[in-house]
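Can you keep this structure in mind? I'll have questions shortly.
Letters A, B, C and D mark the chains as written, and numbering starts fresh at 1 in each.
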Amino acid sequence: MVITDSLVDFLIETRKQTEAICSPLEIEDYVVQPIEDVSPPKWHLGHTTWFFEEFILKVFQDDYQVYDEDFSFIFNSYYETVGERVIRADRGNLSRPSVSKIYSYREHVDNHLKALLEKVDSDDLFEILEIGIHHEKQHQELLLTDIKYILGNNPIFPKYSDFYQENEIEVTEKEWISVEENVYSIGHKTNEFCFDNELSRHKVFLHDFQISNRLVTNKDYTEFIESGGYDNFKLWHAEGWDWVKQNQIKSPLYWHKIHGKWYQYTLKGLHPVDMDAPVSHISYFEAFAYAQFKNCRLPTEFEWEVAQQHFSWGQRWEWTESAYLPYPNYKKAEGALGEYNGKFMVNQKVLRGSSIATPIKHSRPTYRNFFHPHLRWQFTGIRLAK
Amino acid sequence: MVITDSLVDFLIETRKQTEAICSPLEIEDYVVQPIEDVSPPKWHLGHTTWFFEEFILKVFQDDYQVYDEDFSFIFNSYYETVGERVIRADRGNLSRPSVSKIYSYREHVDNHLKALLEKVDSDDLFEILEIGIHHEKQHQELLLTDIKYILGNNPIFPKYSDFYQENEIEVTEKEWISVEENVYSIGHKTNEFCFDNELSRHKVFLHDFQISNRLVTNKDYTEFIESGGYDNFKLWHAEGWDWVKQNQIKSPLYWHKIHGKWYQYTLKGLHPVDMDAPVSHISYFEAFAYAQFKNCRLPTEFEWEVAQQHFSWGQRWEWTESAYLPYPNYKKAEGALGEYNGKFMVNQKVLRGSSIATPIKHSRPTYRNFFHPHLRWQFTGIRLAK
Amino acid sequence: MVITDSLVDFLIETRKQTEAICSPLEIEDYVVQPIEDVSPPKWHLGHTTWFFEEFILKVFQDDYQVYDEDFSFIFNSYYETVGERVIRADRGNLSRPSVSKIYSYREHVDNHLKALLEKVDSDDLFEILEIGIHHEKQHQELLLTDIKYILGNNPIFPKYSDFYQENEIEVTEKEWISVEENVYSIGHKTNEFCFDNELSRHKVFLHDFQISNRLVTNKDYTEFIESGGYDNFKLWHAEGWDWVKQNQIKSPLYWHKIHGKWYQYTLKGLHPVDMDAPVSHISYFEAFAYAQFKNCRLPTEFEWEVAQQHFSWGQRWEWTESAYLPYPNYKKAEGALGEYNGKFMVNQKVLRGSSIATPIKHSRPTYRNFFHPHLRWQFTGIRLAK
Amino acid sequence: MVITDSLVDFLIETRKQTEAICSPLEIEDYVVQPIEDVSPPKWHLGHTTWFFEEFILKVFQDDYQVYDEDFSFIFNSYYETVGERVIRADRGNLSRPSVSKIYSYREHVDNHLKALLEKVDSDDLFEILEIGIHHEKQHQELLLTDIKYILGNNPIFPKYSDFYQENEIEVTEKEWISVEENVYSIGHKTNEFCFDNELSRHKVFLHDFQISNRLVTNKDYTEFIESGGYDNFKLWHAEGWDWVKQNQIKSPLYWHKIHGKWYQYTLKGLHPVDMDAPVSHISYFEAFAYAQFKNCRLPTEFEWEVAQQHFSWGQRWEWTESAYLPYPNYKKAEGALGEYNGKFMVNQKVLRGSSIATPIKHSRPTYRNFFHPHLRWQFTGIRLAK
């Protein structure tokens, strides 16, 4: 394998895009961590950079001097192999290193990477570089959703920017797509990049099923709310019901009832809910309860993958009924990168598709996203099956 | 359907067996609840009785007077449909009703049931009666494991009885059983009783796999401990690793290292670990880590069901890799009984087989047990696959 | 000092009285611990006995064989000096040793004590014996209040007995007693027994003050409730207000509003609140807020001690404004008994007087009781000062 | 009363000093809240300004337009009277309003205050102005200690500045000062400003006592550490011992043992502990345990006030044995300012003196500071009595 210019371009373009996402922020917005699941933007900037320094520069550039020894400690995330790390819940307590120092760190690592790529021709390097780029794209999506959480939970509700269209309306007529029972092949098959959890490609038997060509809208979901969906335990899992009661959940995240009318915080600020747009920011528990309410169910991830060519997708990550588990003959990578996916394969639900926050070149029919069933800060949605 | 004598006999035999399990107890043992997952034995005695009173006597015997109005409140478990209930964690705070009053309650309900069954011939009644009997059998298993927890966490380590053989040794030679890839049918198929979660029978594609004909032994597991298995994060799920660290887990439940030697609390008291017996009282997290340590994996519940005729089982509930999810075309029952299984189908793992605590007529190849991945107080074990 | 018959009699009478308090209980009532502050009755029975075994029999009877080695572990309370102990919150998980075994333990220790007292004449022994008796009397009071908590938090509200008159009415006319400013002497002065925290007798300067000759009644307190006292933060300490909000406190402990009318659980069962009786089971936070509501204050413990001869007391432990602190020249005892009082002298409030649960020969004007400001399960009351 | 120029000057000088304290900070340092007790610097800047806007501009300037309605919500602290407020623990989640916007707010309010003071002559205004200035001075001290906590808990240990001399050494020879028993007068008596909790001046009887002329040094305290002071429960209150065990406390806050040597984070960065300097950042629990270790005790606040003229003080806030309670005839202020002190008078300990972080004109012999007994982030110290 010879490194193509396109990989270098891909790197540069990706690195720039991360910074572009941050461009509307005030310095203060880079720092805070309102809940443990949300990381401060400065941490994302540093962590994605640390990944390249740790797994490429320190490995492939012999005389490489680390930018700052402390950064390994601060920007390491979950890679237990690589030594101690700052407890996740403490990320928002780190006022230093400053944002400007982190931008210098990014520049330093980018420059070294570019220089290295001009002289080294190593398949191992290219493979990790590609993972690093896709790793950064994953963080771009988290970065945007974390920014939304930071601003959307501020009592002032600051606007982020007008760039993202969160609420595009699906105009095709709603219908059920039928798929016949058969043995289907599931998993990644092209030569393009994929994560380890999309492999190996394998066979699954599916019974007849139907799946909606449209996402559930805010209007649909409002009907659930107004029919007392949040007060009817019969629609919920036992754990979902406990979650609703303990957190007094009464609507999707970012919804506020003001003088009897529903408002929604979007990246453009606080505005009335657009009833025709797809519902977003609901947990798996809510998606499941909504499906029960409609006498339907959520599709499995296999059903979704088989049917996805028959409908358009990409606005919302779509909750599936599938638990996040390894495919048959799943092999996790050696070394620290082996911690990437496999160790999360318990107590999480698979989401399929992608969202308006997903970076370009980062969605494909076999991509498996996963979150705990109570989480809502991603741009999640509902597609029904039966 | 005409009620057969055998169903009445089955009822009486089951009701007696519950009381037989309690016969070695002191009154004080019936009362305590050391952790939320463990219910006091008196609660099991009352709750299984309440089930018959609530769903049979109150429904099918027109002039039925409830034994005590308070008991509906106290012995209701998770049936939100049927009204308020005592919070699960408070069950151990109820010194009243006394144990003797609960035995009177049992006698009262038994007598009414017998009288009713002599005169009423109703398929609906028989169906619920059968569920009630199997419900009580499920509680018999919990009763025994809860008793073990209550006595086994007492610093005096009181003996329960010599009746149960927890540590029978498998003497067949260890070997891998091979199963070929194919579409297999999964789920209950006979006319005998089964729970709703074993239906509907459906097809699953399985790739080639191998499964051990033997359970992992205490000796095998000791090797894992002594090789630092509990200190090697690479073997664990991220959540498993957090669980190990937070709870300082260093061995299976009920193991104690005394003067350098492993002891184990069994129903017969505290004794040296029998190294040739199957390991027990391990969580899914531990089962998974052990499998990683051996470069193997746990079987899925489908693999287990297909292969089970080729090995003997019944000593340990066996953790599978499968998440507890509904089968295709799963229908939950109407009314309060609909809460029985479906609402637990998130964040739990399936166990297959049965254990030395399982009552007779209560195990079958399609039975699906389920627990959260950190729980250990059941007689759980490990069977490897690859 | 020669041991008088009266000390032996005092011992025997005290030991019997503890058992008399338990006589109305079912076996099950001895076992439970609904909250950490409440100990199971069987624990009180064992712990008071262990005290005599540990500090007298093991010390003064040379060949003494302990009744059961495990009991030192189980019935030790807070005496860190004497070795490991069962965590307080776990006392309710110990079904064994059984109640009958604990009664045998009591008999064994009593017999040894009596035999020892016939032959040994030691001032050291007599001194510890006297402490042991008074220690058991303290536990008699806790035993009764713990029993009330156990039964009063059972949804069935079982009656304990008709013996105790919780709600005797004060019939004297209400008036303010005036005390003039002066230097007063505070602390124990007679030759009778007292605890170390009542010493040394010392001087305190008091400014002019007035103190009520009557306790606040349920009627008085109902006025506070109905005027919105629990909703008016201005009346409360910041910590008191947090406590009210977090625990949704709306009335004294054991009060229940049923069909618009106040009921109160007493040792005689659930009955309408007797409006003329002194209010009981209120926290210091509530006592303080009530005093603010009346534009008064609580007396200091010094004011109370100086004024107490001018009013009758003994129904309710009375909250004072004083923090529990050592008197000038306070000396804590040597050895394990030194842990008795001094180590609790932070974050607690002094209560003066005694209550209907206080054993005979266990109240005196200098007695200092103390609890955390949020606790309510004692028979506490309010006397105003200004 | 005519407003003197000096009061305006005092205001301006105080407002400037708050900003001077922040001058060494990066923007990011203004935002974070590592623990609930520590507020972000930007919050202090806004809150002290809000106080003047809320209690002066909104009251005394008829046509006053509030700078931003949201700020009342965000910068209100504990004044329940004035409406809803951001939960204390969430202060560190507010990236907006930005630091620069808060500085604009300060300027706006300062300008309005100056204009108002030129035309209004009102004793009520001057009284609240004076409280506002002293309120801001209190926050200056908290601001500095909070900054130390924010930087000192950053793994990079950034230096704040060289300005403050935390570790000045007391060179006078150590001796015991004796005070004779008598009735003494306690509390504020001059015409200068004081807080309500320093009144009313009243009489207290003190027995003979001795008090050290010197603070305990780091060397003294190291002796306590090395003699196993943190492992000897006999020296501790029960709650102190629990605190030590739960938090694994082994040294004062900001001490780190690196390669066998003690280092201490100060505002100048991480440096070896200066053994001759007074110990700092210890809790009341530690101060008490140290005194027990030396067979001494802590002085009461009354002893301290009477003796203070005989020794120099001002480096460390000194823990006393006294609980924070109202003086006889204490009157809390009307309205929202009444919440200032009285509502904290439970479960806290009095500290006397002042510290190197105390602003000028903000210390006096009658000043009563108060904190919960486990807190350590202030510049606290120990002076022994006996």
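Operating definition for what follows: a contact is a pair of C-beta atoms (placed from the backbone, for glycine too) under 8 Å apart; a residue touches a chain by one contact, two chains touch by 3 or more.
Model, not experiment: these values are computed from the prediction.
*Asks:* Going chain by chain, each one touching the next, work out the least steps from subunit A to subunit C.
*Replies:* Contact-graph shortest path, subunit A to subunit C, evaluates to 2.
*Asks:* Among all the other chains, which ones are in touch with both subunit C and subunit D?
*Replies:* none
*Asks:* For subunit A versus subunit B, what separation do you get between their C-alpha means, in angstrom?
*Replies:* Spacing between the chain centres: roughly 37 Å.
*Asks:* Once you find the CA centre of subunit B and the CA centre of subunit D, what distance in Å lies between them?
*Replies:* Those two chain centres are 57 Å apart.
*Asks:* Take the average of all CA coordinates in subunit B, do the same for subunit C, and state the distance between these two points in whole angstrom.
*Replies:* Subunit B and subunit C have C-alpha centres separated by 45 Å.
*Asks:* For subunit A, jot down the residues that touch at least 2 other chains.
*Replies:* None at all.
*Asks:* Inside the complex, what are the residues of subunit A that reach subunit B?
*Replies:* Where subunit A meets subunit B, its residues are 78, 80-81, 181, 183, 202-205, 207, 209, 233-234, 236-241, 284-285, 288, 297, 321-323, 325-326, 328-329, 338-339, 343-347, 349, 373.
*Asks:* So in the complex, the part of subunit B that touches subunit C is made up of which residues?
*Replies:* 26-34, 42, 70, 73-74, 86, 90, 92-99, 150-151, 153-156, 158
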